[in-house]
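Okay, so chain A shows up in both of these, paired with chain B first and chain C after.
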Partner chain A sequence: MSEWLESAIARAQHLDDWLAPKRAHAVELLAQTKWPTRKTEAWRYTPLRPVERTTAGKISDDVSLSPETIADLTPIELVFVNGQFDASQSTKELPAGLSISLGQDLDAAQQASALTAFAAIKPERHLFGLVNDALAEDVVLVSVAEEVEITQPIRISSLLSQGAESHTRVQVSLAKGSRLTVIEDIQSQGETLSTAFVEYDIAANAYLEHYRFALQTGTNLAIGGSHFNLSDKSKMHSSIVGFGSDLSRLDTDIIHAGEFADAKLNAIYLLDGKELFDLHATVEHAMPNGTTEENVRCIVADRARAVFNGRIHIHPDAQKTLAALNNRNLLMSDKAEINTKPELEIYADDVRCAHGATVAEIDKQALYYLQTRGVSRSKAQVMLNFGFINELIDLMPNAALAEWVRPIIRERFAQMEVK
Partner chain B sequence: MSNTNSLLTIKDLYASVEDKQIIKGLNLEIKPGEVHAIMGPNGAGKSTLGYVLSGREGYSVDGGNVALAGQDLLEMETEDRARAGLFLAFQYPVEIPGVSNLEFLKASVDAQREARGEEAITSAEFLKEAKAACKQVNLPVSFLKRGVNEGFSGGEKKRNELMQMLLLKPTLCILDETDSGLDIDALQVVAEGVNSQRSADRSFIVVTHYQRLLDYIKPDFVHVLSDGKIVKSGDASLAHELEAQGYAWLQTAPAEDELEG
Partner chain C sequence: MTEQIDKALAREYEAGFVSDVESETFLPGLDEDVIRRISGMKNEPEWMLEWRLSAFREWLEMEEPDWAQVDYPKIDFQSISYYSAPKSMKDKPQSLDEVDPELLRTYEKLGIPLIEQQMLAGVAVDAVFDSVSVVTTFRDKLEEAGVIFCPISEAIQKYPDLVKKYLGSVVPKKDNYYAALNCAVFTDGSFVYIPKGTRCPMELSTYFRINEQNTGQFERTLIVADEGSHVSYLEGCTAPQRDENQLHAAVVELVALDDAEIKYSTVQNWYPGDEEGKGGIYNFVTKRGICHTNAKISWTQVETGSSVTWKYPSCILKGDNSVGEFYSVALTRGRQQADTGTKMIHLGKNTRSTIISKGISAGKSNNSYRGLVRMNPGAKGARNFTQCDSLLIGDKCGAHTFPYIESRNPSAIIEHEATTSKVSDEQMFLCRQRGLDPEKAVSMIVNGFCKEVFKELPMEFAVEAGKLLEISLEGSVG
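And now, the complex of A and B:
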């Protein structure tokens, strides 16, 4: 075990609140867990040295950080600053049918049911998920009532100042037939460490539109997870955009726990310098007639490293499953690295399941040709290679978010060098 | 040599590709409105010259200097050379699936207009110009919608190069073996296009292996390039001489100073 994990466990033992049984369970599991090394499959390409060496720690000082303003988007804000829920920046007046509350403010009966739901979707194998179980203080619960459509998106912002460590946790529950959009965003500065986990329980016929932006770079260490449980005829559409940092790791789990559920997951990541981004996406088809479509597209420049592990597990009962997993990568330099591993495990015989991964290099001849016509290198690069990223941005259902993130991604790409 | 009148001045140029020296002390001066033909055997460095002048990655300049309208060409990025008026018509134009010809042409024209501080041309206005250029080079207008050079025949690619030249209006055009792979009809279309662009303030370097193209594009000067330098210069009649003699005489050619003198 690392010193970092030991100290995390020690800190968890000081927390005595409504989540105590869950924290104790997480600590127990952590105590049995071996600290990952190169030989640990789930962390093979993602060394944890930056976590071992981090100087980030808990900061309780008042800092003034605010979520970024996005044109044409007026979200319901749910703000954490350095891991603490910031009620002053969070939206108080909520539309009918939506409730947002802090776990510690609930009455005993509500806490009891929240306790049952806590960590019920997120699998126990996620090491930092357990750390989050043990250390997330202000757990926020979001729920939408049956058949209610909340048109205003909820934005969960985790804001970190230099040197901060933060563990945030949100539990989202969509009752039958409800509709909700949730945006998860982290904004951090300097050397930070965060774990940010959200569990989504999506009841029958409900629809979740989901975004996760992990645009932190540099020495920001960000480990997180988004975990979804799908019931009968429920749907989800998730869009993930990530830039790399010294350590950026995201685990997603989509569990088809009901029949005729539909999941779409589109992920884009663009890495430069020595950055690393690791996406582990798991889909469990436990029930029949489910559909999953996953598109992961990645551009890696300089000495950056992308990791993608896409596992689709089709259980024996999950007949008539339709699942497709596609991973396309563009390498900008000889030293850039992509580790992609699609994993299909199929135990049902009447399913359709496709997967593919491709790695392309930048077409230097085409780049030169465009330049000889006066087009700048950066513009040419975008013209030639932005199409496959643009396609996924176009698929984002929320136009305001798509138009906010598109120039950010394009700009980052234009700055990447061909080597 | 540094005549203020000259459009392009190449002085004692040395250049290499992957550590192999290809251009070995090349001198050339071109005045506005002149058409210079560069002929020579395979491997003489004819295509390399175009790549070096346009700044292609992997081609390194080991010595000498090049001025285009008084500016140090070798110091400039490829795109800036184009914006300064240099145009290279490729021997093998690059296919770019996924980028439409129209988008490509508009981006090129926009970039050059912007560099000259001119206002951007509207899409409608540009489409009109592009259609007219298509007509002039005898390409169906539908080619504007296709991917750049994607699935074009050899002749269509060359005409597409010519169309770019018409739209970009460069001051120095390098035609790199534009005649290769063309039948006589296509050759005539290309030559007519080039001739229509000849003017007092536009110069051409016509790089070719064969004299045939020069029947249609009459050069003011003909240079023979061999082993990385110009070994003989003359007027249009030199091309005919070469056609009759071939390049075999170069193997036993006397020292270049005698020829240059």
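And now, the complex of A and C:
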């Protein structure tokens, strides 16, 4: 076991609050866990050395950090600063049917039910999910009442200052027929380490629109997860945008626990320098008649490394499932690396499942075509790259977010080394 | 419909008989003494024994792999007998007339007559029975062309330089758990050497048969195709129907030097166990080939047998412009489990690989494709195309795909696609409408599904594979 994990366990053992039973369970599992190496399947291409070496730690000083403003978007803010819930920056006036509360402020009965829901969707196999179970202190619970549509999106911002370590946890529950948009965002400065996990319980006929912006770079170590439980006829649409850092790892789990559920997941990641981004997306079809569509696109420049593991698991009863995964990767340099593994595990016969994966460089002919029209090579490359990614940004249902992220991505392309 | 398919799948294993041959078999158990005895029986030179012992020491330090999508009780390596040979083979019969007629009858029953006149012209056979090679046919004719085709135990004696140079060069001793075990205890197998610029005048073939109880078969095949040569090699295997599981851990190494071409075809029909999964062969095999400049290696496999299969015929595309191919049909039924696929390691420039894998699962079986395509930094302009299709027959079986794709060269292009579906009601309806019974209909649909692979097999094998599939599917239609 690594020193880092040992110290994390030791710190967890000092915490005592309403989450104690779950924390104890997580600590017990962590104590039995072997620290991942190259031979650990889930961490095969993602070395954990940056975590072992990090100097980031818990900071309790007051720091003033506030979430970035996004044009044409007035979200309901839910702000964490260095892992602590910041009530002053979080929205207090909430629309009818929406409640946001801190776990420790609930009464005993509410805490008991919150405790049952805690870590019920996130699978236990995620090492850092267990770390988060053990170290998250300010657990925030969000719930939408039956048949209520919240038009204003909720933005969960996790802000970290130089040297900070943060473990944030949010539990979101959508009651029957409700609709909600949630944006997860992490912003950090300098050397930081964060684990950010959110669990979504989506009841029958409910709809969740989800965004996760993992735009950390450099020495921001970011490990996190978004985990979704879909009940009968519920729907979700998730968009993920990621940049790499010394270590960026995201695990998503979509569980079709009800019939006729529909999940869409679009992920893009753009890596430069020596960055690494690792996305593990798992879809569990436990019930019949579900549909899943996943699109993952990735551009890797310089010496960066991209990892993707897309697993679709069809359980024995999940007949009439339709599931498709499309993974396309562009390599921009001789030193860049792509490791992708689209997996299918199927135990039901009346299903249609497919996956496709491609790895290549930019189409030379397209590049040549643009150059003959007087576009410089570097501009042409940006155009083609952008086009490759923009198709997925166009699919974002929230126009304000798409408009906000487009220039950020364009700027990133402009920085990528053109050869 | 599934019921009919199931009924049709309940087939008999035709090769399940036991031959009454008096054998000399080691007591179960494995230690250095057993290895010394095997080496002694084969009259091996000292270097070979040392090689075995060092592999054994490596093996003791290794752990049994557990990453495959298969589930079986832990193997007790001390309960297996590591050597068994028909007694009549002890004095090394000089000609076919001296071979125990019971042995010949065994092969005849399997449809592999060893008497040259009765054979399909153009196929030379090396017949391996438990731990020894019984006979190798057409050797004279092959020798005329300069081709060496003999049991590997003989090659160690007669061509030590060739064996020393290439044995373990593609699959190193400590490559994996079962390969290391094989290095320590391998008993027989075939050795092939095709000289420079020679096109082997006939198909070469090895037929493996496990007969004795409680034995394992550990054979080793080494094929070296020298510059500009060409060879097509076929491999077949069967075992009697027994309640105990038997281990088969083979290693096959192919070396294709510059401009050479090796075509390796397998029809694997080890005893798959009964409907409840009792008995059957554990088939844990390491097959790998290395391609030098402009060389080509093509693996074609039809896997219908074994209770557990763990097998990944691979190509290391070392030389520029080399080509690797993998065509596979894997059919599992009953409680069979197969985890099979390939690795294509692209090292050289403009290397190309094609992977076509067709998995068919029926009954309560599980069938996995596991593959790796790696483009190393030097693999400029390399190309891979992979297609994995799975067909499910019945709702109790599983079909899985685990492709690993690793690219480190931007100019390399990789395409991978996989689909999973069942025999559709529409397809069945169409066939039934035209007067085909359900069994024929399924057989036809499955044959169509596998066509891309069957067309890669040598003619005699393609016919056999088609028939095998038909028998295997018998009773599974519903």
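Heads up, the rule we're going with is that the second predicted complex is superposed on the first by the 402 of 419 C-alpha atoms of A that agree within 3 Å, B and C clash if a C-alpha of one lies under 4 Å from a C-alpha of the other, contacts with A are read in each partner's own complex, and residues count from 1 in each chain.
Just so we're on the same page, contacts are C-beta pairs under 8 Å (C-beta built on N, C-alpha and C of every residue); 3 or more make two chains touch, one makes a residue touch a chain.
These figures come from a predicted structure and were not determined experimentally.
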{"item": "First, second, both or neither for A:Leu331, with chain B first and chain C second", "value": "second"}
{"item": "Touching partner for A:Gly387 - first (chain B), second (chain C), both, neither", "value": "first"}
{"item": "Which superposed partner A:Leu370 touches (first chain B, second chain C, both, neither)", "value": "first"}
{"item": "Touching partner for A:Glu361 - first (chain B), second (chain C), both, neither", "value": "second"}
{"item": "Chain C versus chain B, contacts on chain A by residue", "value": "C"}
{"item": "Contacts of A:Gln319 with chain B and chain C, given as first, second, both or neither", "value": "second"}
{"item": "Partner chain in contact with A:Arg53 - chain B first, chain C second, else both or neither", "value": "neither"}
{"item": "First, second, both or neither for A:Arg125, with chain B first and chain C second", "value": "neither"}
{"item": "Contacting residues of chain C [partner chain A, same complex]", "value": "2, 67, 69, 375, 377, 390, 392-422"}
{"item": "In the complex, chain B residues that touch chain A", "value": "54-57, 77-79, 81-83, 87-88, 90, 93-94, 96, 98-99, 103-104, 107-108, 111-112, 115, 148, 164, 168"}
{"item": "Complex contact set, residues of chain A against chain C", "value": "41, 316, 319, 329, 331-361"}
{"item": "Complex interface listing, chain A residues touching chain B", "value": "363-366, 368-377, 379-380, 383-384, 387"}
